[in-house]
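Presented sequentially are two complexes of chain A, the first with chain B as partner and the second with chain C.
Right, the complex of A and B next:
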């Protein structure tokens, strides 16, 4: 049990319920209402709400989802997910078209995107292979080191990554006669891929592979004794998570129209961890909730500060305090709050959940 | 309670999108770096904007001016997010910003997708922004990084008699652009740049570079800024460096000269160039410095306005002057407003500024030298002003186009181009 204890205490707060696949069934009415709301949002939301609030939320949510998959089901907190997304974004700019014509190869968009996702997935899998033999804080250290190395490499390499300025004017392609750069098509594009990623994680978490992965999280030694190759399972989990992060990275570079070292700098890398933790690591919907809160805080903190008569320059304070409050009152993020509230008011008959592993 | 708060924040933000826009109001969005390495410059930009707003009493062309600010962190990502929020959510009519180079290029690209909004560059100085694929509704009332060194090359050869120099600069686009401007003029005047050293932005340890600096040159050009510049001065003085130094536009500005420590004494007498000088006996400049000093208490400002403060002040004055001339008429896709901006000759505190056909500033440049004031403060004193500096840098347009854009190796040092 020593292994189990160190793993859970190192990764998830002890009181947080570990995710189980069965809890992800979309049987709640709230989920259907949410789906309906997201589908008809373009009918009344402005372009800003569609692209800048929700489009960005879906993209960050997907990247955080890949971390949630590794952290929640595999017990591996990987800080490399934002870097995988950044790598995919860079590859789209390098193989596709951008304003930096002397580097960009100008391949057709579909080829560039496929190659980008393959390369980013390889990169993420390789990073996973380097870090899976470590536990807890050491995994965080190794993946953070890889992320920083990638950041400094892109910053100083001019022949491939164009250094400090990166690539600008990376356009969303026009396909089937639709301008995917326009607000409504881009919104549905990001929504589509976010839903696909969400369903993929739900599906994989219930598949034999996902169950085995949760087994390695809960007791790696016992899984090994049962004949499972723990290392291979973990690397495969990295590969799967990298695909999600890579797809999000392609959307990210299209969303901003450009990519530069700061896109996957140390700040954004840590932001993804904050999003996943604040949203909740126990279910795949958590990262998306965290991403929405993050986007709202980042976008409106300065306005809120000024509205209540405080110095707008201190807007970071509100962002920090917001996340601090969430984590302080609920170690399992907003999801934990919701679950507790749900239990108290809607399902009083249900027995109180036990901490730790079910 | 937290959820209610967050829900309120979310609802407030989404509802604000629908707020009707009053006809007697003009909204101006401002992008400034209020986090990250360039925070102090962004804050001074805000001060410049606030002074101009106060002077105009928040009114121009018979309309009330409302300002909405968004903080960026000097990355193009954050600038784009900010611009989207200001344009698509707050529905600003005019956007002023950003502060730094790569942000400027990103905003130029974004401006092409928002033809109903007029964009004024804040203080960003990348050459590409207006030199390559300029945008119809993007105006820049400040000069680019290459223009900021105009006049220095000739001054070094003719007045200082520096015939051979080496260059040490940070490895990114702004120092490339600056060295581009210096190289063209210095080499045409007969000077030679024998060696270039590139260090990463944010270098803390210059030991190995200092050991490599050549002895057989007349001077060393330094294209560093902020903390890197301070670190270099400290380490160079500890290493007993004796070479004569030349500064890029942000090597010896107030952020460096007002830092603590004795090493900056190396800066005394260093020639440099830029779009303004701390000490210049022009009455308009002195009035601006006085206004700046009176507007904020000493601990909430620099000794004298920085170039971002002046740039944002100029932008707002340009907007106000044109709005007053056209009675705030922004109809027909800002037609009158844009024509007014394009034709404006701004009588700015740092010299007259007008725009070329790419809506890029043709302005006055300053050759400066660092002097010590009686109270021990170090300041840049104007020794020479160069009027009408354009992006062509004194070359004919065809030759200028042929040379292309700045990079580590471009342009070569040649006596004629």
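Right, the complex of A and C next:
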């Protein structure tokens, strides 16, 4: 499933010798099998599998995808993506309805959602504008500082963010007579938006905007000499990534039904980085692979630890060791492992992958 | 915008393409350029010669804004661009190539040239992939033809030979509607055949496009320019027509014959 993502077929699909999107699909039966599996999963998966495993995977995957877009294509490691999602979640709770009736404004759900996405996107874009003139470790530090500031602000502000307890009973709306809170509809809702976000990133990576973003990653000075305003381009990339993170943030608050400062605390903020790196930053599918592994580890590590007679409270250790092993064995995460394996056993004569990314 | 275009068109006839006044560039204590004053007419083709470290590349970097001048003013078709970022200068019709190829090696030849065409168009922020008859793609294909790279259009740049990469460098500088181009040692490392191809590409540029070419090889330089500027230790040492420079005893002493005497 990792193979089709962002391969470069030249900007002109019709005339390029490499397979076009249409002709490449039959070459990757794994993709079709995966799509089929995800579509019919509700037929046999339990509510727990649908919501706690896959729904959560899709949401975290989207947030990590927004980081992959910035990091993989733009060379900008932003730690603010979880915070953008948290911001959107808070806005849904504040403008829409929650158990905290003194604060929540009770706007119609669609208006609250649109306003939430707009505000979170503005927040993410502004964070980008503050950080794009820096490189490498400094980008990480600035975005981490913004994320921490948001965390402490929500923790200490009671008039808007309701402090430590945040908001609960943030309900998924009923639309078209469907109760989207129920497991199957909510599963399809998250699947739908994850697929949309994934396809959008794949598509945009080959558009002039996406190509230019990869150009700024590889040689910013040359991009200036070609007439590109590198700073503006990077800020626009933050805006694009923020929309994805914001949509995920709306789903996130609906998924848990609540939001509090801890939702976008430093722990979750770093988790998103771990998910993206462990999954692989070179293709848009990587973050979803990383998210699935993360969710599985988080969900089952405790049982595994207790099964082998260890203290279950130390399950975080297993999560950490798992990700450490992945990154140790493959700098490009699971994607890198998969590609190496694929090259060695399945396509020994195939030319090296033409990466749109690195 | 139309007023702006009209302004620029009228400016072509009257103003100088480039006008440098007292341009100095410091790197810490090192003065890489000292008080450079230089004018180049529209359509003029000039060579800049000088030994290693003379400041030739630094001169280009100041003109494009890659490294802004420490002091002095730079006018491009009468507009003061001294404090413009590079992309603003490029959008006004200035172009450059790099001494050490600065290409996107993970992308194909077509993608590289297409990027260059996007950079000076309004489509640079487009989220839509190009359609089959996209104008920018068409102009990218024409440029690839013009620099004799049609055969490797869809190859990754990292797979190209050195000579082909140098030709691609030139293609990137020809994108859009250039008015003035700075070529930094375009012939470096080229074979004799590739050199004559380069000469052909340079001489067949439309007459209104002026350029400055940094070139050590006098045989190449003298075939493609009408004037020469000699640089030495960050200063302009001599200016004149190619024959004058070639026969100038001081120049021969310093540069052409320098190796024998030094």
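Rule of thumb we're sticking to: the second predicted complex is superposed on the first by the 323 of 358 C-alpha atoms of A that agree within 3 Å, B and C clash if a C-alpha of one lies under 4 Å from a C-alpha of the other, contacts with A are read in each partner's own complex, and residues count from 1 in each chain.
One rule holds for everything that comes next: contacts are C-beta pairs under 8 Å (C-beta built on N, C-alpha and C of every residue); 3 or more make two chains touch, one makes a residue touch a chain.
On a predicted model such as this, the values are computed, not experimentally measured, just so you know.
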Contacts of A:178 with chain B and chain C, given as first, second, both or neither: neither
Looking at A:319, would you say it contacts chain B, chain C, both, or neither? Reply first, second, both or neither. neither
Name the contact category of A:211: first (chain B only), second (chain C only), both, or neither. second
Looking at A:48, would you say it contacts chain B, chain C, both, or neither? Reply first, second, both or neither. first
Does the superposition put A:122 against chain B (first), chain C (second), both, or neither? neither
Output check: A:221 vs chain B and chain C. Expected answer is one of first, second, both, neither. What do you get? second
For the complex, which residues does chain C have touching chain A? 64-66, 85-87, 90-91, 95-96, 98, 102-108, 110-111, 114-116, 118-120, 123-130, 132, 134, 136-137, 154, 156, 172, 175-176
Which of the residues in chain A end up touching chain B in this complex? 45-49, 51-53, 56, 99, 152, 155-156, 158, 163-166, 168-169, 256-258, 260, 262-263, 265, 267, 292-293, 296-300, 302-304, 312-313, 315-316, 322, 325-326, 329, 334, 337
In the complex, chain B touches chain A at residues 2-3, 6, 9-10, 12-14, 17-18, 34-35, 43, 68-71, 73-78, 80-81, 84-85, 88-89, 101-102, 105-106, 109-110, 126, 132-133, 171-173, 200-201, 407-408
Spell out the part of chain A that touches chain C in their complex, as residue ranges. 8, 10-14, 16-18, 203-204, 206-212, 214-215, 218-219, 221-230, 233, 236, 240, 354-358
